[in-house]
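Each structure below is given as structure tokens.
You will see subunit A twice below: alongside subunit B first, and alongside subunit C after that.
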Partner chain A sequence: MTNVLLITYLMSLIYLSIANRLMSYVQILAFQGLLLFASSFIELAEMNPINLTFVLLETIVFKTIAVPLFLRYTIKQNNFSREAEPYLPNFVSLIIVTSIIVITFLLSNMIEDIKLNKVYFVTALSSLFVGLYIIGSRKKIITHVMGFLIIENGVFILSLAVGNEMPMLVNSGILLDLFISVLLLGVFLNKIGDVLKDVDVNQLRNLKD
Partner chain B sequence: MTVPYLIGAFILVSSLFLNRNKKLSYFLVAVFLIMQWIFTVYEYQHKNIEEFGYFVPNAIGLLLLITISIISIPAFYHSFIYFTKHNDSDKSRSIYLAAMVLLIAALSLAYLSNHIGLMWVFVELTTFSASALIYHRRNLRSLEGTWKYIFVCSISITFVFIGILFLSIAVQEVGHANLTYTALLSKATELNTFWLRLAFIFIFTGYTAKLSLVPMFTAGIDAKDKAPSPAGALLSSVLLNIGFLGIFRFYEIIAQTSLLLWTNHIILIASVSSIFIATVYMVKVKNIKRMFAYSSMEHMGIVMLGIVAGGVGYYAAILHLIFHSFVKAGLFFQMGQIYRIFGSKSIYDVGNYFKYNITGAMVVLLAFISATAMPPSGMFISEFMVFRSLFESHYIIVLIFVLMLLTIIIWAFGKNMFKLLFSPPVNFVEENIEKIKPIESLSQFILFGLVIYLGINPPQEMIDLINEAVKNLPL
Partner chain C sequence: MISLVLILIASLFFMGIIIRTKSITSGRKGPGIFQPMKDIVRLWKKGAVYSETTSFIFQIAPSIYFASILMAVLVIPFGSYGGVISFNGDFVFFAYVLALGKFFSIIGALDTGSSFEGMGASREALYSLLAEPAFFILMGSFALFTGHTSFVDIFTSLHFGTYISYALGILATFILIMIAMIENSRMPIDDPKTHLELTMVHEVMILDNSGFDLGLILYGTHLKFAMYGALIANFFTDSFPFYISIPIFLAVQFIFAIIVGMLESFNARFRMGNNAQFIFTLTSLSLLIFFGVLLILKKII
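On to the complex of A and B.
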């Protein structure tokens, strides 16, 4: 069952590469939050109840509801244009994201490890690299934040793979997620949104040599 | 005493943050400094005794702790001068002082952490407090610097976390759940090299953001430029040390396994390309503060080369790291005075510094000699030892390449420094320039003097500590 969920997650990454509107990014993030909720519910069933509640709250309340609503609010508030404004055409993005997934598949074949579920490994690493790719290939700063949230989802999946034996790591991963998201989104909403309208990385290019 | 220190620091940080009274703020800072020194002395006397299961004051941690305690005194002194010259609101002063205390406390505890996850938490705290310092001036440029710093550091801190996850997979396979450095070191030979390799790549990439090394160096440069000078001094000296420590602690584990050679190659590529990029920018850069930041990057490249070369290089690397902290901190403190006279950081707007501030000019001259590692500076000795170790370990081509780059760096550094010292500035109105009291340069002289003294006549305790710090590495 988790395999189905994780493969759906991979498909959502491919969809992300060709999505055009900012709102579809937000929807994909919310959907990924749901997928993570379901897979952590199945995977971490043996964990002690308090930890489990914490994980589930993080995925459902934070990743699925709070962050997408917050992003939506920011987009509406600042009247961002609806386009994601990629540097590369969608077709190229699709090819790159697909090849990222294929390469991580090939890499995971090198592992001679029976204990680790390879699907987790592939999903987590592809999510990481797709997130980096989104950061590198989109113009708006808000899409950079979204790329970062995708990296965080990848980290969450990876920590699920080691979670049952080391719950401490899952929890600290979640705290990292909360802490950085609040820091990034806080700075984003409060400061950059106030100072610059329709933020675009080109406006943050003053510091250079 | 780590947990009482932690609690005390948090109480001080929150009261500094809430308090708006100037005198009370300075009193709280003085209390913190006394606490910092009591903590340092206590930990020095309780070397290698585990505290609360997660902290061990071992040799390398103690060396860096003493370094930060020494630098924190002039850092607060120069912050005090900074506030008397700028009309900051009470609120922004409170935030600044609270962030600086938090940064120093988080770094001190990170140095002593024996648990890989705990160290990571404290490193994350340093990102948080450093960004508050960078944003101190509250203008568009500092906003840009802060945003870039937070973003790049968040990505790199995530990378470190991924590395820890991979490491934990390797640890679980040998039937363990203990991620303290001591446990990892004793189990190192049994760990699966595939996971160890992945873990190293991620942890190394992550910590390079703090260490100012390729590939994550960019944000640190902007941060050091945009932060006020006393904060820049901390970012450019003690904050680099935590990046080094993060890599060094993991390198100790790797050094026990068959991956040592592969790891050395990765670090070698990163450090040589850092020195190369630093050279290119030092030639090109027109902003003096950014030039100092690139100079830090070059020195960190040399430190990591010492680690790669091994042998006497390990000793030299740690010595170089400590000396660099003192020199770069002094240089940044001096930068504050330069900015107050000329009102600009651009090389085109400054000049004739000897005429306007003779003590400060002496500091700059001494700093130039120290930072480019010329005798009598102690950095000459450590850098020479790094090169000797490179020679002995047969990295001849690397050595020649690095020496050529260093020659260009000295030329570029000297060109800008001598422009600052001797040639008259263009369109500069001399009338209302500020007279700077010579006493404000005293701390810089002490720091540079310390480097010279420690280079020529290192105390036996320091030699023992450094030798103990590198005892886990193969010869």
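On to the complex of A and C.
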């Protein structure tokens, strides 16, 4: 069952590469939170109940509800244009994301370790790289934040694979997630919004000598 | 043999159901189920008018187009009953005999010398080109999954059992529906109702055809829809007796027609520039099916 969820997760990454609007990015992030909730619910059955409740609450409250709502609020407040404004055309993005998935698949196939769960590994690694690609190829700061959240999701998936043996790893991943989302959304974005009155990263280029 | 008869029967009412669905969703009563077929019969009774600038290619192109679709229909099986012709690797034959028909319809359109038709032909070629890898990766994964390379063996030994195989079945159905929409130039890619030549894909290619040839091309579309419907139905009719599998077949065709009608009623056509990436998405999704099959076969753990 988790395999199905993880394949759906990869499909959401493919959709992310061709999505035009910021709102679809937010919806995809919420949907990914839901997928992570379901897969951690299935996968982490052997964890102790209190810890499991904490993990499930984090995925459902933060990843699925709070962060997307806050992103939505920020987009509404700062009057961003609704387009994602990539540097590259969407078709190229789609090809790049597809080849990222294929390459990570081939890469993980080269590792001959029986204990490694390949599906988790492929999903997590391609999520990391897609997040990096989103950060590198989109103009707006807010899409950089979203790319970082996708990297976070990748880390979370990787920690899920070993969650039953090392519960602390999942918790530390979640703490990182909470910390980064609060930091990025609260401080970083507001500062830049106030000082520069605009959140296009191209404006930051003017700062250099 | 049974599949040929069933596909011919389904092709009679398929387009009528699409048009009926579209009429009902837009609040009209709509024409009868067999009205598109009656129009085609009326066209078949007419003679054809050929432009003086065209050569013999323009005259034979519609017939070859129709014949290629008929050849493709012959290899489609019905459950465990093979098509009229069936051999190892017939899904490759299926794809390329359709491509041959498409090639002739494209050079037939170019033969008229009209700039509009050349534009439509170029678009049609691009979209078929992008849809082809999706079909091959999909059928290739199923060939890998079952260990057979002909349609009838693949569909006979296709057994679903685990969660992931059901998920892949749903995904494969979605991809096949979308490939059918692309191959027939229907809504998300192309609007069959449009009246502006600049935004047409398939309609602009057949502007110069008339009478019998136009009838062949239109009936070819119906047949193609019923053919893809039969392919999809094969996922669901595994080795039941006839009195169960034939109603399943007809029900799948019926639901497929309603889905197409719904898609056409509630979807807007994509911008021409976005079509390429949409079609390539299908290839990405079928790659995921391929990986899923590798997962089921324990090629990766």
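As a working rule, the second predicted complex is superposed on the first by the 200 of 209 C-alpha atoms of A that agree within 3 Å, B and C clash if a C-alpha of one lies under 4 Å from a C-alpha of the other, contacts with A are read in each partner's own complex, and residues count from 1 in each chain.
We take it that a contact is a pair of C-beta atoms (placed from the backbone, for glycine too) under 8 Å apart; a residue touches a chain by one contact, two chains touch by 3 or more.
Because the structure is predicted, anything quoted here is derived from the model rather than measured.
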Label the relationship between subunit B and subunit C on subunit A in the superposed model as either fit or clash.
-> fit
Please determine whether it is subunit B or subunit C that touches the greater number of subunit A residues.
-> B
Check the residue A:Leu169 against both partner chains and state whether it touches subunit B (first), subunit C (second), both, or neither.
-> first
Between subunit B (first) and subunit C (second), which does A:Phe105 come into contact with in this model arrangement: first, second, both, or neither?
-> second
Subunit B to subunit C: minimum CA distance in the overlay, Å?
-> 15
Just which bits of subunit A does subunit B share with subunit C as contact spots?
-> 116
Complex contacts: residues of subunit A adjacent to subunit B | 110-113, 115-116, 128, 132, 135, 141, 144, 148, 151-152, 155, 158-159, 161-162, 165-166, 168-169, 172-173, 176, 179-180, 183-184, 187, 191-192, 195, 204, 206-207, 209
Please name which positions on subunit C make contact with subunit A in the complex.
-> 163-164, 167, 274, 276-278, 280-281, 283-285, 287-288, 291-292, 295, 300-301
Over in the complex, which subunit A residues touch subunit C? Could you list them?
-> 1, 3-4, 7-8, 10-11, 14-15, 18, 90-91, 94-95, 97-98, 101-102, 105, 108-109, 114, 116-119, 122
Provide the residue numbers of subunit B that touch subunit A in the complex, in ascending order.
-> 117, 120-121, 124, 128, 131, 135, 140-141, 143-148, 150-151, 154-155, 157-158, 161-162, 164-165, 168-169, 172-173, 177, 192, 194, 222, 225-226, 281, 284-287, 290
